[in-house]
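Structures are listed in the sections that come next.
Both of the next two complexes hold subunit A, though its partner changes from subunit B to subunit C.
On to the complex of A and B.
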């Protein structure tokens, strides 16, 4: 029975899950459009990095550009709202390329019936974050759709920054010998939202980790000893680490007990039957750097509340290439794959 | 014309390497006064040239070859040709064994020489070890009839320089034996002695270091008696040895080694008498235990309490008899007569085969370590077989079996193939010219170490048998490590990639095991814990019809919500709750007070399950028989957390076996939503629940469960056949639940009453270890049909 790969006719929810299936969707669209790199790109669209980095001819600044759309439900959750996601998500994508975030555009599509009160809250959130990070919203667009044609509100932000270092920080630059750092506990955002949705009443402070990582990462981004950086969003820790491993052609070897996780997040995942390493974060980054930078990075990260739980969790080795290995307590190194789409059972 | 003397070439194909075939031919030729030579041709088999012989001579010679060949030789084909060449002066008056030549199959499709598995030490060699001289207590003693083979061979042809004995050039005495045609060690590639052969070294753990000590077998035996643990590097792997009847030390060992796992340990016993002292042994069991393959055989114990620390909650013990010199020497030196002999591996990692690995794994566990200097080329675990009294089911097909191939003549023209199996208890298989060759046990391959073992085994088998696959076959499961590996290999080697539905591969493996023909039909229950279904659901209780390359799912259990996926396997209380919810019942009502026992996160978790279920959350459904057994095990309080594969269901069977009387039950079949008949798992659970509430004895309920399931399975098979008025050639059972003695035997008995024979596996494991060879068989047929279009 020859099995054909992915010849279905409709886009499914799992295509948006941030794993291998989403890669397939993106690949399909890119191919149809004919997306190509150009000679002025330092990091072009074909590299599918967090942002594009472009040196326009006859200018001194190197532009860093990205875009992000947000359709979260519920719009207001513990720890933030869709406005937080819209600002933090885009800014973080610029930062992890080595850019200082400068401008945002803001597109809003609002469902008829959405209250001005809620809209106001979201707008204020956006405003506060911009003030905090020094980023300006310089252009925007709004649309309203009839009731029922859209889920509450959809936001899109495009971000522009400038490169503040010699070379962009690319997913493909990790080198054997490098240390791997994670800036805080993983899986908080997705787990917090799921627990709300699933009605798991918890007397805890588990909330979304959504936050911009600027100016927390400013000093670190300027450090040339940083080789790779990625903010962990859809697909979580597993997705981000695998992207780096594959694009850099190396192996990421990680110590399981070193990965910071909140016990409540772990417990909820255990109840829901989910793998915490595949759950989205919205204010966490992975940093891969030369080992000589270890002390400097950790000290700097610990100074800021957004990154105070940062930890060194492993190191980059050369073999087996393009794989992420998790060293377990008992011994033995588990292979951590990029999430597929929906979780599939495997235990007999 | 038969008196005319000519020169003849005789090509023998089959398993004719490293079974002492050439020495046998020489002795026979000498006896018959024939002149010429015999030569090993690698892949092409063995070639015999006879000079100036009559046709009658040749026919007689060939007849006696077939009648008197060595035990482990398998002759598939003998091609005889007369030649008009002139006689070679070298062989005018004698018959010789001449040096090997590696040749590919010489245009003959069945040209394929396998090599035999590792063979347990023979009685003559044991006697040699008792006599004073250079083989006294020399544990590496072997001859042409016994010794390491697959674990020691680097490549074919089977000659000493191609084995790990190449590091040990023969001393004069050994050489003399080697060239003497009348000696038992004539051309024995693994021969050696204390002068020229490999040696053991002994180390003790002192002050956090391994300190070398002079080797002393009595010392080792004494310390085992005193309750010490030893790590021993053997012929194909490493074991931990300790006194099996020292309950205290066994419990302590279990805590260090397996940290809360109840997985049973295997036991090495000194003699068949000791086995009979502790276990019930049928004549077939005895034959199997004493065979040259020396597997571990799982037998019912007489005294459960005595063995409880070794086999928690179970009623059967895996025992094996000594298979290599070191076992005998330890027992002669009065080591305890029952030793736990368990694979010395860090859980999730294949056992070490280099001394460095042995030292590492033994740190902080073993008192002493025994390592030797003969490299182990292939890691091979002990084989494991469950006894059903008269029949035997292979659980793990490894030492003593691998790499024995299976042959099916339908496939002599099929292109070369490689299959990568599934994920747990995995094997890979290679295929060439009608020969199916399963690998040894690879274990769980989710860790990188397991995946490496799978990769190197593939490379080794392809090199050994000179197979370049054109086709790669994998399980339908998209994220198994083996599936990912298959995709990588297919891309790299530009091979075509196929997938096979898990339970279809199980049934196909049964088909190969039975040697079924192209047009024959098989209707089999493929029952286990989980397999990726053709519809993406969690299958595990499937009645599958197979004919040629066409399969149908004729029946199954009723699908049950599988919210949480794998969690339901590890915490059977969850599966139980899902069952209760599907049955329209409130789990709180029946499991109230047991939340902490059954759920990792207690009441919170149960409440979430309920809420999610009532909200209609339904991603994947399961029809697994394994999960039904697990649920009942949890309900009855027998096993609530799975600490090793199959534990809840195995423990349930262990309890069921305590109830020895016969039970009569109803049959539970129902018309499903899609109109086909289904096995009514819900009603079975409902009855069990009622019995449980009425406080019937737990062992009775457990036994009732097995009988009800088996009868319902049997009835469904019969009704399926009758409703289609179709001739079914074979009725079978396959999948991991086929290890369940009560279900298998009851199903067999039930069908027999209707004059229907139930076919069991006998050469291939019914569990996931059989998947890879089943994948080959199924796709082999697919390809054959594609090619004939």
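On to the complex of A and C.
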């Protein structure tokens, strides 16, 4: 029942069927991830029972829950793979609400014929990121779809965290006078993926920014002067800022030249006629905070490689309500709309 | 931005892109499900923030977590649709551990071109089942995959519950002397799906047994005399009983003629050369309990339409360890193995 030669072995339909072969598939994935029970588990993931049962210790009763599916094409890209995306995306959604991420569930939907070698690489990535962030995979599910019914692999990760501050950090809580911070360059993930797909070549190769922002943002998340926070995924900077502006009923006034961008990412967008502010990132957040927190936040962000390029890019004002206003270097102003859709499909 | 004519409208790639069109898709789904914030939400699903933040009241701190992906083909079948499967499957996985199901997350991965009409029917089913069981969808995610990259729709549901008894109900806790109960006819789901696919006709049409077993099993789950419990999904009765036998290190001795089966389901299996005990159910459970609980359990199960056909089908013995032993009416004995894989792909 062991995988003999994982470079050549492929996933077959029977690996999804609830029998001995599925046990083999689950065993393979679990080993690569490094699944282990913890002392807080009454029923842990190693037991492959119907659910995990966990006695949470020393925490409050306020749960934070999220879910994300990942359909990226290609599955392996410069700077990561779909496993990075799944763990980082879900963890980041918990953090920006003010939560410490604790548990993930992992649903894998695999196309018949997918290699165990690629599956193993993805599972190892997931395991490494879990170790790095202290998050545990506590429940999982595998399905196999017939060849041609699914392109390669889709992951779903759901996340459970606990609130580590008095109030959650809500999209709707930005206030006039607040400062606006972005934790790093925008658009790297989408443009690096696009350059890979289109076969564009640049002197410096772009990499995806995909990364979990825990523990980098832990201290910041605990600061009550943080009013609003959002990771930028599909629809990028434009979607995230517009969500905050609309839900808070305020205007986000952004100085365009302050937004950190890689020249290669900018160039790709210019060549292809894309708006970089609409391109997805997978390891960047927007932070809206009381101005008194400015120095503390920037100093803290500079300490972590994931957020070292953080910059203040603007401020929250009252009018025009529910709008994102971009101020250009030469004094122009324009409204940045929420995009119609992500300009590049299947980036996450 | 409204869906004008949902019978004709189809999901397009841009509906998955994180922009205004995705808001439209999410709005459509939320309305059909009937998504609403609750008073325990600090950040509820109506706010479409990055995560839901929930203050659990009057509960212990023992969480029960599970996840399930659903890839069934066809999406609509006699007795239900993929929405029933998603809600019931996840809720049942929580119940059989001894949990009260509380929250679901919902990930929808939709093929470009899927109709809003079908999507609406699925979402309404999900909403109705949530209402019936008192479970809430608290977080969601939608992705759209290009035409031909996914066949129709895949759902992922993750579930959160709280333990409502001292100890969880584990696969590994069956004890010699225990009675074995099955809550209803086996193999209905898989065989009904198969007859639909193969175009077989029978006088009485088979229906899927898909149903959430909450609140039907609530009282039983609270009884400490319940030692082990499992819902039968992929691999059916054979997989579920073997899991318990192996993990508990006991023998499950089953009287074949006691197992409730529909004649139509048996007939389909005979025609197609399938073992009915390997065929999936989606609303049936196996219960292993102390013999003193027999009358209480059977009386309680008979009260609920979902479990009214419950029967005692055998007992747990010591030897041969880790085996399921089938006793036939004429006195024969055979070992029921864990199947190699589900005989029918994509039934759940």
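Methods note: the second predicted complex is superposed on the first by the 280 of 348 C-alpha atoms of A that agree within 3 Å, B and C clash if a C-alpha of one lies under 4 Å from a C-alpha of the other, contacts with A are read in each partner's own complex, and residues count from 1 in each chain.
Note that in this section contacts are C-beta pairs under 8 Å (C-beta built on N, C-alpha and C of every residue); 3 or more make two chains touch, one makes a residue touch a chain.
Just so it is clear, the model here is predicted, and its values are computed rather than measured.
Peer 1: Return first, second, both or neither, reflecting whether A:320 touches subunit B, subunit C, both chains, or no partner chain.
Peer 2: In the superposition, A:320 touches subunit B alone.
Peer 1: Which partner does A:267 contact after superposing on A: first (subunit B), second (subunit C), both, neither?
Peer 2: In the superposition, A:267 contacts subunit B only.
Peer 1: Where does A:288 make contact in the superposed view: on subunit B (first), on subunit C (second), on both, or on neither?
Peer 2: neither
Peer 1: More residues of subunit A are touched by which chain, subunit B or subunit C?
Peer 2: C
Peer 1: Go through the superposed model and pick first if A:50 touches only subunit B, second if only subunit C, both, or neither.
Peer 2: Touch partner of A:50: subunit C, not subunit B.
Peer 1: Go through the superposed model and pick first if A:199 touches only subunit B, second if only subunit C, both, or neither.
Peer 2: first
Peer 1: Is A:340 in contact with subunit B, with subunit C, with both, or with neither (first, second, both, neither)?
Peer 2: Touch partners of A:340: subunit B and subunit C.
Peer 1: In the overlaid three-chain picture, which partner chain does A:331 touch, first (subunit B) or second (subunit C), both, or neither?
Peer 2: first
Peer 1: Indicate the residue numbers of subunit A shared between its subunit B interface and its subunit C interface, in ascending order.
Peer 2: Common interface on subunit A, subunit B vs subunit C: 340, 342-343, 345-346.
Peer 1: Mind listing the subunit A positions that touch subunit B in their complex?
Peer 2: 1-3, 198-200, 267, 270-273, 320, 323, 325, 328, 330-335, 337, 340, 342-348
Peer 1: Would you tell me which residues of subunit C are touching subunit A in their complex?
Peer 2: Residues 13-23, 42-43, 47, 49-57, 59, 61-71, 73, 92-94, 96-99, 103, 105-109, 138-141, 143-146, 149-151, 154, 156, 158-161, 163, 167-168, 170-172, 230-231, 233-236, 239, 247, 278, 280, 338-343, 345-346.
Peer 1: Per the contact definition, I'd like the list of subunit B residues that touch subunit A in the complex.
Peer 2: Listed in rising order, the residues are 259, 346-349, 422-424, 446-449, 451, 476-481, 484, 498-501, 504, 528-532, 538, 562-567, 569-570, 600-601, 604-605, 608, 611-612, 619-620, 626, 645, 736, 768, 778, 782.
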